[in-house]
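One chain, chain A, links the two complexes that follow: it is found with chain B in the first and with chain C in the second.
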Partner chain A sequence: MEHNSLNERAFISDHYIARSSAIAARLVGGEMMIMSAVDSTFFTLNQVGTAIWQAADGRTPLSEIITRTICAEFDVGHVQAQTDAEQFVKDLAEHGILRISDQPIIEASPLPPIPA
Partner chain B sequence: MTAASAIAGIKPLTLEIGGTAVALHTDDPEFHRLLVQRYNGFITSSQPQQLELEVELIKPVAVGDLDRDLEVTLRGQDWFLQRGDFHARWNPASGQGIVRQLSSPYAIDSVLRIIHSLVLADQGGFLLHAASALRGCRAFLFTGISGAGKTTIARLAPAEATLLSDEISYVVRKEGKYFACGTPFSGELARAGQNVSAPIQSVFLLNKGPDNRTEDIDRSEALRSILRNMLFFAQDQSLVRRVFDSACEFVNQVPVRRLTFFPDERVWNIIA
Partner chain C sequence: MSLLFEANQKALALGIPLSVHLDITYRCNERCVHCYLDHDDHGELTLPEIRDLLTQLADAGVFFLTLSGGEVLMRRDFFEIVECARGLLFNVKVKTNGVMVREVQAKRLRELDVEQIQISVYSHRPEVHDAITKIPGSHGRTVEAIRFLKSQQLKVVIANVLTTVNLSDHTGVMALARDLGVPYTLDPTITPKMDGDKSILDLRIEGSELRKVFREETLVGDVEEFCAPPPPPGDDIMDGYPCSAGHTACYISPYGDVFPCVQFPLPCGNIRKQKFLSIWRDSKQLNDVRSIRARDLHVCSSCAHVGTCTRCPGLAYMEGNMRGPSTADCEKSFQRTGIVTANMMMGSRGRPTTPLIQIQPIC
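And then the complex of A and B:
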């Protein structure tokens, strides 16, 4: 089941996350710049946010992204990484940038091109 | 020529802005005179028209809610433009459209801005909230939020600079390069730009301060600033993606720098 509102959920690490197809995105100067194609809202992700967003392929649970990507690549403990990642995912989902589901999401948006 | 304007004996007025020619048809002689006065310098007889708008003037009572906010939507093949003072429909494939509006220059001015922004989006260009001027065959753009100093910098421009706009800059992409074109869309100076164009040398993000200096900014800040100041009217998903891609391409090619300036004419000494 896909969740649009996550206010009632405290933990979503066991869920799958996928990039929305209703966005335009580019990696610019190490930051992921994302524009919602629905309401033109503009987002800039920091390095950790960019790593989560790039790993959001719809087939990898958030818990695995936290362990294998965030904790491995950044200097952050697991508890803190989980708290921050869940809040980040919740925020982006509320803006329609990410999708969250308790089932794998097949049709995740491909990664955007990286400019030379 | 439409039946109405043919009967009235009024020739269509063709405006050429940024290389795109728009023929305006009206059967109202007074409104025709107002258009001639407002768009003087951008009226052409040689450029073949590419777009055509039939302008029908209506009474305020026929408009409905005069305070209605602008809404631009794509339905089927047609764009619908609606605001308190106008309703318009335009087909990008044929280039033809109809505008029903109050007898006001602001209504047709807004319709033209929107249609040009839609045309430019397909060509990798855009309209930017920015003053712009030519100096030494190169164009310089000065962008920023309201109050940042667009009008001020335009007013302080030296005599040898040619004003393209004090409010809305017209950015065209031709053969992979970016050019700025003059527009009749004026801001507080109430002075239309000159109908000329030149390659864009750089864009400055305006910031008033105690002295004059320029600073490099990173590409992500440049992109944020360009997107924030683009004129972007429609919430169409494919259009949003094109506009976003255009802004990314633009900041990859054109230097975007911060200009802090004290509002006197010396600021132009560091514009190069």
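And then the complex of A and C:
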């Protein structure tokens, strides 16, 4: 089941996350700029946020992204990484930038090109 | 400081063209009396060329892409261009007259998550609008298009070009925009035709009328603040650059020519001959534009308005010197504040050739 809002339920790291296609995105100086087509909210993601968003392919559970990408590549403990990542994913989902489901998501938006 | 401002500063520091305005055609189904374009096709970029260009722009870091013309829907492959642009995750804005936008086109624009559609409306009175476009029935079609687009929950903005023909109608267009539930933008910019013909400049509104527009609270907000005398400029102003043209933005014509801005006809290269990034980084002309700082301006550096004037380097270029004043902007600064500009004091006050202003009314 896909969740558009997490207000009525606790978030579980074992859910799958996928980049929405209803966005504009570009990598600028190592950080992702994203604008929601839903409400035109503009975000810039730091390097950790960018890594989560890039890994959100719809086939990898958030827990795996936290372990294999965040904890492995950044200097952060697992508990802190999980807390921050869950809040981050919840915030982006509320603006339609990420999709969340307890099942794998087939269609994730492509990644923007890496600037030359 | 907004996130967008920060992103723009970052792009500026990294030399990234954050915004590109791409005209995909100069052909049009209207013949607006004030239009500066030649509506013939002199060899537009093909769809494969545009796809390649869009890929290059994405690689260069372009985020904001404006598709305009001409009338964009005169291209039968318009939606394929938008599909390609959205597939590359650009934030896409479209400028159109709306005449060819019906329910099916509106629905497709929604499906493609186009950020905004700007539509030109010249009057709330059909006879005035149609007299400007020279197409009977165009007003009705354009207003219908706005309704189709709104019904798809798309963001629509009405752009109202102000000329001597429709001078008294902007309050009516504002009311129409309110009724339609869309924002309204006023633009008194009239530029010479591409072939150098300046006859259409007779359609520009007089300075005294501009003065009245600057004092309309519904357009400018706090009139006292908007029309306040300019504060003395600090070093940050004198070391600053005039606008985003050539710094974080540029314009590309339907023929692949790259310019600093749609209003800055300084050719910098052609994407049929060079890669976009090569033009963006290495063009002598673009680097010349980038080198200009306020303290380098021949006349304007000594002007009281230097920190607040909307001086357009493109209009200055069209007057003969991109480091010189733009008399249209001198006129605007004067009409806004009542304070004579340095250029006027030097005796060169003349008819402003190209008034330029974008006013967003307060909601």
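One rule holds in what follows: the second predicted complex is superposed on the first by the 114 of 116 C-alpha atoms of A that agree within 3 Å, B and C clash if a C-alpha of one lies under 4 Å from a C-alpha of the other, contacts with A are read in each partner's own complex, and residues count from 1 in each chain.
To be clear about the criterion, a contact is a pair of C-beta atoms (placed from the backbone, for glycine too) under 8 Å apart; a residue touches a chain by one contact, two chains touch by 3 or more.
These numbers come from a predicted model, not from an experiment.
Annotation for the three-chain superposition on chain A: chain B and chain C clash.
More residues of chain A are in touch with C than with the other of chain B and chain C.
Legend: residue contacts after superposition of the two complexes on their common chain; A:I70 is shown touching neither chain B nor chain C.
In the superposed model, A:I52 makes contact with neither chain B nor chain C. Shared-chain residue A:F42: touches chain B and chain C both.
Once the two complexes are overlaid on the shared chain, A:R26 sits against chain B and chain C alike. When both complexes are overlaid on chain A, the residue A:P110 reaches chain C alone and has no touch with chain B.
Residues 22, 24, 26, 28-29, 31, 33, 35, 37, 40, 42, 44, 115 of chain A are contacted both by chain B in one complex and by chain C in the other.
Those residues of chain A lying in contact with chain B across their complex are 22, 24, 26, 28-31, 33, 35-40, 42, 44, 115. Listing the residues of chain B that touch chain A in their complex gives 218-220, 223-224, 227-228, 232, 235, 237-238, 240-241, 244-245, 248, 251-252.
Those residues of chain A that touch chain C in the complex are listed here as 21-29, 31, 33, 35, 37, 40, 42-44, 109-110, 112-116.
Chain C contributes residues 3-4, 6-7, 10-11, 14, 16, 18, 55, 58-63, 87-92, 113, 115, 155, 277 to its touches with chain A in the complex.
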